[in-house]
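In what follows, structures are represented as structure tokens.
Look at the two complexes coming up: chain A is in both, with chain B in one and chain C in the other.
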Partner chain A sequence: MIYLDQAATSYPKPTEVSEAICASLLQAGNSGRGGHHLSLEASRLVFDARWEIAEFLGAEDASCIVFTANATESLNLALFGLLNPGDHVITTELEHNSVLRPLYNLEDRGVEVTILPADRQGCIDVSRESLTNHLRANTRALVCTHASNVTGNMVDIASVGEFCKEHNLIFIVDAAQTAGYYSYDLKNTPVDILCFTGHKSLWGPQGIGGIYVKPGVVVRPLKVGGSGIQTFSRTHPGQMPEALEAGTLNIPGIAGLLAGIRYLRSLGLDKVRHVEGELCRYFYRGVSKLVGVEVYGDFRAPLRCPIVSLNVLALPSNLVSQRLADDYSIYTRSGGHCAPLMHRALGTDAMGAVRFSFSHKNSREELDTALRALAEISGDLL
Partner chain B sequence: MIYLDQAATSYPKPTEVSEAICASLLQAGNSGRGGHHLSLEASRLVFDARWEIAEFLGAEDASCIVFTANATESLNLALFGLLNPGDHVITTELEHNSVLRPLYNLEDRGVEVTILPADRQGCIDVSRESLTNHLRANTRALVCTHASNVTGNMVDIASVGEFCKEHNLIFIVDAAQTAGYYSYDLKNTPVDILCFTGHKSLWGPQGIGGIYVKPGVVVRPLKVGGSGIQTFSRTHPGQMPEALEAGTLNIPGIAGLLAGIRYLRSLGLDKVRHVEGELCRYFYRGVSKLVGVEVYGDFRAPLRCPIVSLNVLALPSNLVSQRLADDYSIYTRSGGHCAPLMHRALGTDAMGAVRFSFSHKNSREELDTALRALAEISGDLL
Partner chain C sequence: MSENKVVVTFRTTTEAMAWERVCKNEGLPGRLIPMPVQISAECGLVWLIHAREQERLMERATELGLKCDKVIQLV
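Take a look at the complex of A and B:
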């Protein structure tokens, strides 16, 4: 098996992750729900993970980190928890449905939404001039992905963040593809909210994610209920991070995510990014030479995630993906990648695209096999 | 260690649960997010779990079962997704903050809330007469726990459900303490919504739960976003169960929950309930003989969960729990158990209570040790 679907979920997970999950099942009870050893062990684990994620992302402190089920929950929490009828929000055509659908929902409730268009390469103009043109008196927030999950092209969040800061906009970043790839330094970056998932580049299990909330930014909770503290208060606790967490936490997931981050840090994030960037460029150079293969995105851009999406002649992407899987045991992801506006911008809304995504666990040999397979599939039809 | 905090989270988890989680990390990708083997394996696992939970609960079919993070999320989803300003909802003083806090929140938005009072034994009057007295023209739903997490006393959901059906009320049941203990036959019971968690009597890991929605009941989603299907639709898919799930599912959690349920079914639910009931009665008989120990709840009631909450003289419950843990390695749960109105009804809002909760993995020998410990602690103060 050659797994080139790392942007859907990273694979294979490090053995440390499985071990940490099993250990948590043996050693940890329910955090914040008792004073005995097992409960305290769970609380300690949660605190350690929060602290280490905060450190990894360069956050101000552990209380800025809230655990969620996935990036989708984080984005729903941020968008529904910050925007009110009458507000205007700016977003982009790069976005995943986890941003677009909450925004469409909010639009129905009186939130105004502006969507910055992507060009045929899937790039958006986030220059000061462009952003200024879209400002309104009631513009309250800007939400965008840090990297397209279709093309891998990244958005310069430092410059967009500066613009937001100048105009007093809340800046919400979807880091589903970038947490565990990009070196964040959040306390020195004008990002108010960062939404991430644990099961992609952070190497944790599916089902655990998080949200960073800059100190001072107040988000309404999506869920309220038991918190293990302030039982006799009518309202859910207001202090972070408890304010945005309700019910029993995903202790095994948190243990697995912590192990994933420790694994990543032991390798060195810069080194991992370098290896993944090299693999991505190698594959891109290879596919660029293939007649009948069209690649999407801007590969001259300096900021990129290790993703190459392409189509072979006029073949529907799902047929190509299926053939790669069936005939070559090469696993990719076809279709629309939950990014409908991006595919419309690329002109691929009918056929989708075949997405190859890489991690440092992949090898050049695997990519050579994939390149030969693509040559054969495209050659068949010449 | 003697673990008598099973109502907080069951412990120790069966080895099958750890094994299933590790296997899912090795064998499963991201469900519904690709056509290759790993993704399909994840989809199959999710379907199997949905199907088997539906069968276990006696639900109509697998599409009635939606995965959530915990019972709290399920309850928030149900309450925020069903109630509108102007509606009236009936609930009880038995409820956990996962019911009360969403309702207080909804009250601020114009939902009318009636809370049925509990007596000094923590029991509520759910007779036809009592319920009829609280009906209003705008009464839309009744939400109640199936069993108090403080006293263990259960509510007769069949009769309450019949009343709801007659008066066209949506009946929402909090099964946090009962799923995996009570034998549900949902397709033949007038329950519209059942909210459950995986990590208690179902023996799964923390971080996975679910909600049963009777066919025909339409709940607004709490989160929208990527669903792996209908990418080009502006709205989140409307069909169940996808309608109420967004983002990457907790595949390891679902695998663990499925293993937990299979473990439970292999033992036989009736047998497990019998063993747990026997242990609970044994412990109750023991503590009833201790001078200076006050036990809460109605132990003559036929329907009970294996929970015994008590206080020792006038000692704050946390001190007793701490002493049990420190001096005897007996793990219990003290305080308010996120059930503030119940503790007020019992007169224990100041001191809380020490909760002992049992599973079939506990033994009479363990309970004897706990009884001796309580005798010593209460004797010290005589």
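Take a look at the complex of A and C:
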């Protein structure tokens, strides 16, 4: 089996991750819910994870990191917790439904939404002139993905963040594809909110994610309830990070995420990114030579996520993906990838696209096998 | 006669765990215990020390930028 669906979830997870999850089930109680050994062990584990994630992302301190179930929950928390009827928000056609659907919901409640168009290569114009043209008196926030999950194209968040800072906009970044790939330095970057998931490039299990909230940014909670603090208060505590974490935390998930980050740090993020970038370029060069294969995205950019999406002639993407799985045991993702506007911009809304995504655990030999398979599939049709 | 005790209270569990981590690394005295029922604090955990250790601990905590809520003498 050749797994080239790393952008859906990374696989295979490191042994350290599964061991940490098992250990947490055996050695930890509930975090923040008591002073006995097992409860304290859980609280220590949660705090260590916050601390190390904050360090990993270059955040100010551990209290900036809130745990959620995934990037979708983090984005819902940010968007519903910051925007009010009458506000205007700017986003892009690169977005995943985890951004678009909360925004459509908010639009129905009186929030104004502007969506920046993408070109046929999946790029958006985030120049100062372009962004200025979309500003309104009531513009409150800009939300965008750091990298498209369809094309792998990245957005220059430093430049967009500077624009937001100058115009007093809250800048929300969807880092679902980039946390664990890009080297963040959040305390020195004008990003107010960064939403991430644990199970992709951070190598944790599914069901754990998080949100970075810059000190001073106040987000309304999505849920309130048990917090382990201020028991007799009628309202949920306002102090971060507990303000945004009602209910029991996913301790095994947090243990796995912490182990995933430690694994990544032991390899070196720069090295991992280099290996994955090389694999992506190698595969792109290979597919570019195939007759009848159309590749989407901007491959001139110096930095992009390790994703190559393509179609073979006029074949629906699901059939190509199915054939790759059935005949070659090569696992990819087909269809719309939950990013409808991106596909419309690329002209692939009818057929979707076959997405190949890589990690440092893949090899050139695996990619050669995939290239041969694609050549056979396209050759059969010519 | 038992020694007088003091507890340091916190606003959040995160503050309490940060306090414990740094104190352990620095070799500072004390340990986390559940909040005694006779006091009121926001976090359910407090840092317990002997009263004679209070001055040294709090001086060092200030130097290290550690956050807490109150320091309360147990009676």
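The definition used in the following text is that the second predicted complex is superposed on the first by the 382 of 382 C-alpha atoms of A that agree within 3 Å, B and C clash if a C-alpha of one lies under 4 Å from a C-alpha of the other, contacts with A are read in each partner's own complex, and residues count from 1 in each chain.
Just so we're on the same page, a residue touches a chain if its C-beta (ideal position, glycine included) is under 8 Å from a C-beta of that chain, and two chains touch if they have at least 3 such contacts.
Remember, it's a predicted structure, so these values are computed and weren't measured experimentally.
When the shared chain is aligned, no partner comes close enough to touch A:303: not chain B, not chain C.
Look at A:62: by the touch rule set out above, it reaches chain C but stays clear of chain B.
Touch criterion met: A:51 reaches chain C, while chain B stays clear of it. By the touch criterion stated above, A:43 is placed in contact with chain C alone, chain B being left untouched. By the touch criterion defined above, A:35 reaches both chain B and chain C. Contacts of A:267 after superposition: neither chain B nor chain C is touched. By the touch criterion defined above, A:113 lies against neither chain B nor chain C after alignment on the C-alpha atoms of chain A.
Legend: residue contacts after superposition of the two complexes on their common chain; A:231 is shown touching both chain B and chain C.
Of the two partner chains placed by superposition, only chain B is touched by A:25; chain C is not. Among chain B and chain C, the chain that touches a larger number of residues in chain A is B.
Residues 33-36, 228, 231 of chain A lie at the contact with chain B in one complex and at the contact with chain C in the other.
On chain C, the positions that touch chain A within their shared complex are 11-18, 20-21, 32-35, 42-45. Looking at the complex, you find that chain B touches chain A at residues 1, 3, 5, 8-9, 11-13, 17-18, 21-22, 25-26, 29-30, 33-39, 69-73, 75-76, 96-102, 104-105, 197, 199, 205-209, 222-228, 231-232, 234-236, 246-253, 256, 318, 321-322, 325, 331-340, 343, 349. Put simply, chain A touches chain C in their complex at residues 31-36, 40, 43-44, 46-48, 50-51, 62-63, 228-231, 237, 239-242.
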